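One chain, chain A, appears in both complexes that follow, with chain B as partner in the first and chain C in the second.
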Partner chain A sequence: MDYIPHAESQIKFMMEKVGVKRLADLFDTIPRELLLDDERAKAILKSGALADNGMTELELKNLLAGLASKNKAYKSIFQGAGSYWHYIPAVVDYLTSRGELWTSYTPYQAERSQGYLQAIFEYQSMIAAMTGMNFSNASLHDGATALVDAIVMAKSQNKDRDTVVIAGKINPFYKTVVATALMPRDIKLICVEPGKLAASIDGSVMAIIACSPDFFGTIHDVAAIVQATKQKDNSILVIQCITEALSLAMLKSPGAAGVDIAVGEAQSLGIPMCFGGPALGFLAVSDSKLLHKMPGRIVGCTKEVAGERLGFTLTLSAREQHIRREKALSNICSNEALNMLRAAIYMAALGGTGLKQVATINVKKANYLKAKLCEIKGFTCINEGPTFNEFVMKKKDTSIQKIIKSCESKDILGPLDLGTVNIEWKGLMLFCATEMNESKAIDDLIASCKEGIA
Partner chain B sequence: MNVPDNLKYTQTHEWAKLANDVVVIGISDHAQHELTDIVHIDDYPKIGSVIKKGQVIAVLESVKAVAEVFAPVSGTLLEVNGKLEDAPELLNKAPYDAWIAKIKPSEKKEMTGLLSAEAYKKLLPE
Partner chain C sequence: MITTIFDKAAPGKNATGFMTDKQVEGVPAGIPASLIRDAADSLEIPDIPEVEIVRHYTELSRKNYGVDNGIYPLGSCTMKYNPKINETLTNLPGFRDIHPLQGLQDNRGIQGILQLLHETSLMLAEITGMDAFTLQPAAGAHGEFTGNLIIKKYIMMKGLDKKKNKIIVPDTSHGTNPASAASCNFEVIEIKSNEQGLVDLDQLAQALAPGDVAGIMLTNPNTLGLFEEEILKVTKMVHDAGGLCYYDGANLNGLCGVCRPGDMGFDIIHVNLHKTFSTPHGGGGPGAGPVGVKAFLKELLPGPRTALKDGKYSFTLPEQAGLGSIKAFHGNIGVVIRAYCYMKALGLSGLRRGTECAVLGANYVKVMLKDTICVPYQRRCYHEFVGSDDGFPNHVNTEDIAKRMLDLGVHAPTIYFPILVHGAIMIEPTETEALARLDGLVNIIKQIHKEAEETPAIVKSAPNDMPVKRLDQVLAARNPVLTVKALKKMQEK
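And then the complex of A and B:
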């Protein structure tokens, strides 16, 4: 079947209607230097910058390998800040690369996608178990956009309010995404330390975002944040933002702490860092009232009309944009299928016990590193309270760049210089240790830190 | 389609009944039939809030569509039918018993401007 959307006469009619002479005029708003028109395309092809009329497979492979070799791949990584270096069991790559599962789309056609729909349902069930919440959606693009969706959900419950209070250090990259996405909605963001939360709650507050573990790695008492909030005003929603999903395997669950929406980033669950994305946003709620405000796809489980066999299908679709149109709360009409599948396989492969073991190793490695660093003169850990796999060290002088360079000479990606992220954080370093960091690498890192300041 | 004579109707398929200075509001038999199985109702304004004629006073979700319920008259929102939260299917089963909201009208004249049963029947397909 040919797919011919418009006849020439129809195109002409439409152009006359909107007052456009050439089709290309529709792209006038795009800066000229960014636009690939016919002339420009020809010029680029002529320059030889693109493989125009044929490169051999070997040539192309060499070209791409050459480009890839410009990347710096470290032997050991001690940075997290939202994207984490974790081991990915072979089964994850093997199963996701199977032809029947290898898709980035949400296969929603129930009569031919039972297997994939079941995989989504299993993912939802495991996220619900990890977060201690009743309902999870089929995943979102990443943690930051998932947080945006959670705030919009809160707004739907408190339409006459406009303030969101962030308790704990929010990941600055998330904050940027949230501020950008919420710009047209006139929503105010206020950041406070969890201890000072109660004082910042007034009648304009629609939601509290509890960041735990927060950007500095600190684990906060989320139950206390929920209690302090609800005591003041029960209609304020508490959102827990979790940027390291592995922490869910050992910390008190958001559900047990009583939060309304658990949201965050699940890249840690079987997804490579891939230069910072694509990642995997998760979002879960407990109250069935909020279930109807949840963004994205949801797969439900049902029974066949005749017989006892289970069947899987998308459900509660009336929330979504293809039905609710401009009144939909979220514009996601999909899920992060392939990465969701990876997370489902990862969680299933490790199981509750395995996940807890990995999480425990992370804490032990990070705590060992923290203790060793604290022994170095001039290093102090500034986290008030326990940490998961990240923590912040303060250095009296400005030798942070020297430390990072010294690490680099040993093929180690050292700590994140927080001063480069936020000027107020000058003199602070964010360290991360995971199960991937072998003892030798940790010792090398410590030696590099000593050399850096020597 | 059942269109009781004792009620008033809107172009947007709500019914309204004035009794003891209170306007009771629901959706018509035709509306529930078109929506098919209604599975959820929410997004009411706050009780006690001032409502303008035509304002959305509830959102209905069926298995295949979403529909807004518009206030047939202006006034103050007195009450919403809490039973529907757990049993939205009542809107399908008995649309004229399953009221959605009660409004204390600020302008009773607005009631007379609504459609009679006879006029509403003419809007419906044969």
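And then the complex of A and C:
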């Protein structure tokens, strides 16, 4: 089937007006040898994935239902590592599915897009509140690409320097993205434990990345990292990277800790995991000089040219690719707008009180689980500080896969076997607990861990 | 006076109820007070009753316009209809609620999604004439960045990266092209178009002569809506000079199913799933920008790729180091699922039919407006055409026309791009606009032309029927008010 609304007679009518006898004549400026005639068109369909003919809506539904049934949507999930299982209030799906929003594009025509522009403006305000910073943009692709953008901003402030120091366990998937994206730029990455930060700072360092909560779930004293850095060299930018945005509702804000750029992943705020994407990168700054280096769309409030009413518009576009071309700091055009809208509605739906409560429940669920697991012989928690909703357990023997299989038999996605991510982490398991994990599921998980060593 | 969501506060009321959990009653949080928000750092997000949230966002949606409302002829953005079944299917729990790291070790419990990703790559390869795809890039520009990284890595592997440090883009290119090349540390050379609005082969030869060009980035049809008729010569010249050819798929809707960038000599391409393959634009995203390459560049694609062996699908990493990864997980999967649905629903013949009708629609609107809008480059247009405000009386300009279109009930075209057309008006109707909608658009532009003659003030003052009139952009940038807090401060003054 197709979604073309024309009756055959209307196609004929338009062809007459345009002056072509056959639709194929529309392509008369394409060299003949490039055109796919019927025969060549059939010949390119080699794999069978794409058919010449389409299918009906019902056939499509059956096909996709079949594929979806071959994926396992677990009853309870204990993995995070950058993608989190959280409750999504009904109003989020309901409101974001409105066609006026969902089927619009970037609000270039401000007067006809006041609705979306206001929603972005409110999102910027909420992210500013969550991060304790002054300015937020209107979204980036995900936490990892946002971190790349933050590093590029730091480089633009410290052009003659080339080193980025990462304090705390960075999410390894982010690290790969950063290394890949910076490959052409000659920027060095060094990883250190936060306690040994001061020793690694020299004149080549342009930015410190403070990961908190870090990949192992540990909450670090970011204010102390800022202080240690700035004492040594005030021009180094401190970037806090947060992969679990819900933690912002409870923990000391990046703004209060004094960081220069708060950056991370806000998938936790009303966005389904969907096998890892689309997600939502956020980026916020406090300094107005950095604001002018910030990538992505930004919405501002202004007045009518010939009137007194206030309205919203995309602004500070002199930073962007469509104006600056090769001189722009970033090439971003399409962003993750609809997920930004989801996050805004999510934060509105929970409210400040609800956000803090969910964050607290996450910490307590994880702490409960951690305490119970520590009671099991052979299990040790290796986090050296307090944790948010994730923590790492070490096991003496190599029965992690046995634990995971046992979980699976109970319809539970067990912990992440860190040895499969990084060989140096063999014998470590990353657990995540959220408000979604019911008491029974947590008890089942604990039982599976006990079975694992039995 | 503007009312924001922050004004709907009712402390202690929210849309979800406040959670408690018996199991963790009395469990300590165990986080020192110095690491927790204090009074000076309190979370300033209000509690809001559910009914007020629903009304607030419903009201905002009424002040917005999407494809579901009517024609959206925003050139180069391909604002076609987004089939609703694709939403329903993407939201099946077997897609929506799966974790990106499940099945990491054994690919179990993710066979359905792996099959979908695998088949999407194959379908894209067959449609575009490329050999392999990565589905990881999140948007068109993210795909361009990926493509430039591949070019960089390729010339580094040949030991030529010190020598070949330039990327050519034509003056009609999207702003993302030079920005993407620059973010990979390439120097950008812009070449002027010839009198026909196509790549000027002499200029190209000159740019290639020093031997320092790593590649060229091109759209085809180009942003004037014209097919690059010498494309085979262009790609050969670049190849002969040791460069690679990158195809920006932003305009693929002008030739999808009719001819293939792979056959034109392109080595690397990206495809905008949110354009050609009909996934909703979402107010600016999420999109997806899968990148395809010819076989010789396959090992340089970022991210894990799917493979099929003995009836089982798996993720495999490239044999060599590859590029690494350009997004935390596998890509904008939700967008890929919708595009998969679209390709399966249409089949190759349906995709071709869509392109034919997109090109027919653009040519029809262009013909019907031939006495109204001056089109400086008069060749066969494809999915879009670019007119100019030159023929409008009383100095009515492109911005006036666009704003008046809003008053008359349609979205405006892309304006002032590409820059080589004075007062550019770039119209892309797409194949999903019925004849009556196309005629409606034509009549609106004709009416504006008439108004420009008879009552120019009504056009120059437009829009008059929107929630606000034209906004002061200079003030917005000079005095940035970017949050509710700043807005309140401004209003107090």
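Note that in this section the second predicted complex is superposed on the first by the 390 of 454 C-alpha atoms of A that agree within 3 Å, B and C clash if a C-alpha of one lies under 4 Å from a C-alpha of the other, contacts with A are read in each partner's own complex, and residues count from 1 in each chain.
Note that in this section a contact is a pair of C-beta atoms (placed from the backbone, for glycine too) under 8 Å apart; a residue touches a chain by one contact, two chains touch by 3 or more.
Keep in mind that what you see is a predicted model, and the values were worked out from it rather than measured.
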item	value
Residues of chain A touched, compared between chain B and chain C (which is higher)	C
Partner chain in contact with A:Lys327 - chain B first, chain C second, else both or neither	both
First, second, both or neither for A:Trp102, with chain B first and chain C second	second
Contacts of A:Ile423 with chain B and chain C, given as first, second, both or neither	neither
Chain B versus chain C as contact partner of A:Glu111, first or second or both or neither	second
Chain B versus chain C as contact partner of A:Ala318, first or second or both or neither	both
Which superposed partner A:Lys289 touches (first chain B, second chain C, both, neither)	first
Common ground on chain A, meaning residues reached by chain C in one complex and by chain B in the other	318, 323-324, 327
Chain B residues touching chain A - in the complex, by the definition given at the top	39-40, 42-43, 59, 61-66
For the chain A and chain B complex, residues of the former touching the latter	156, 289, 292, 318-319, 323-324, 327
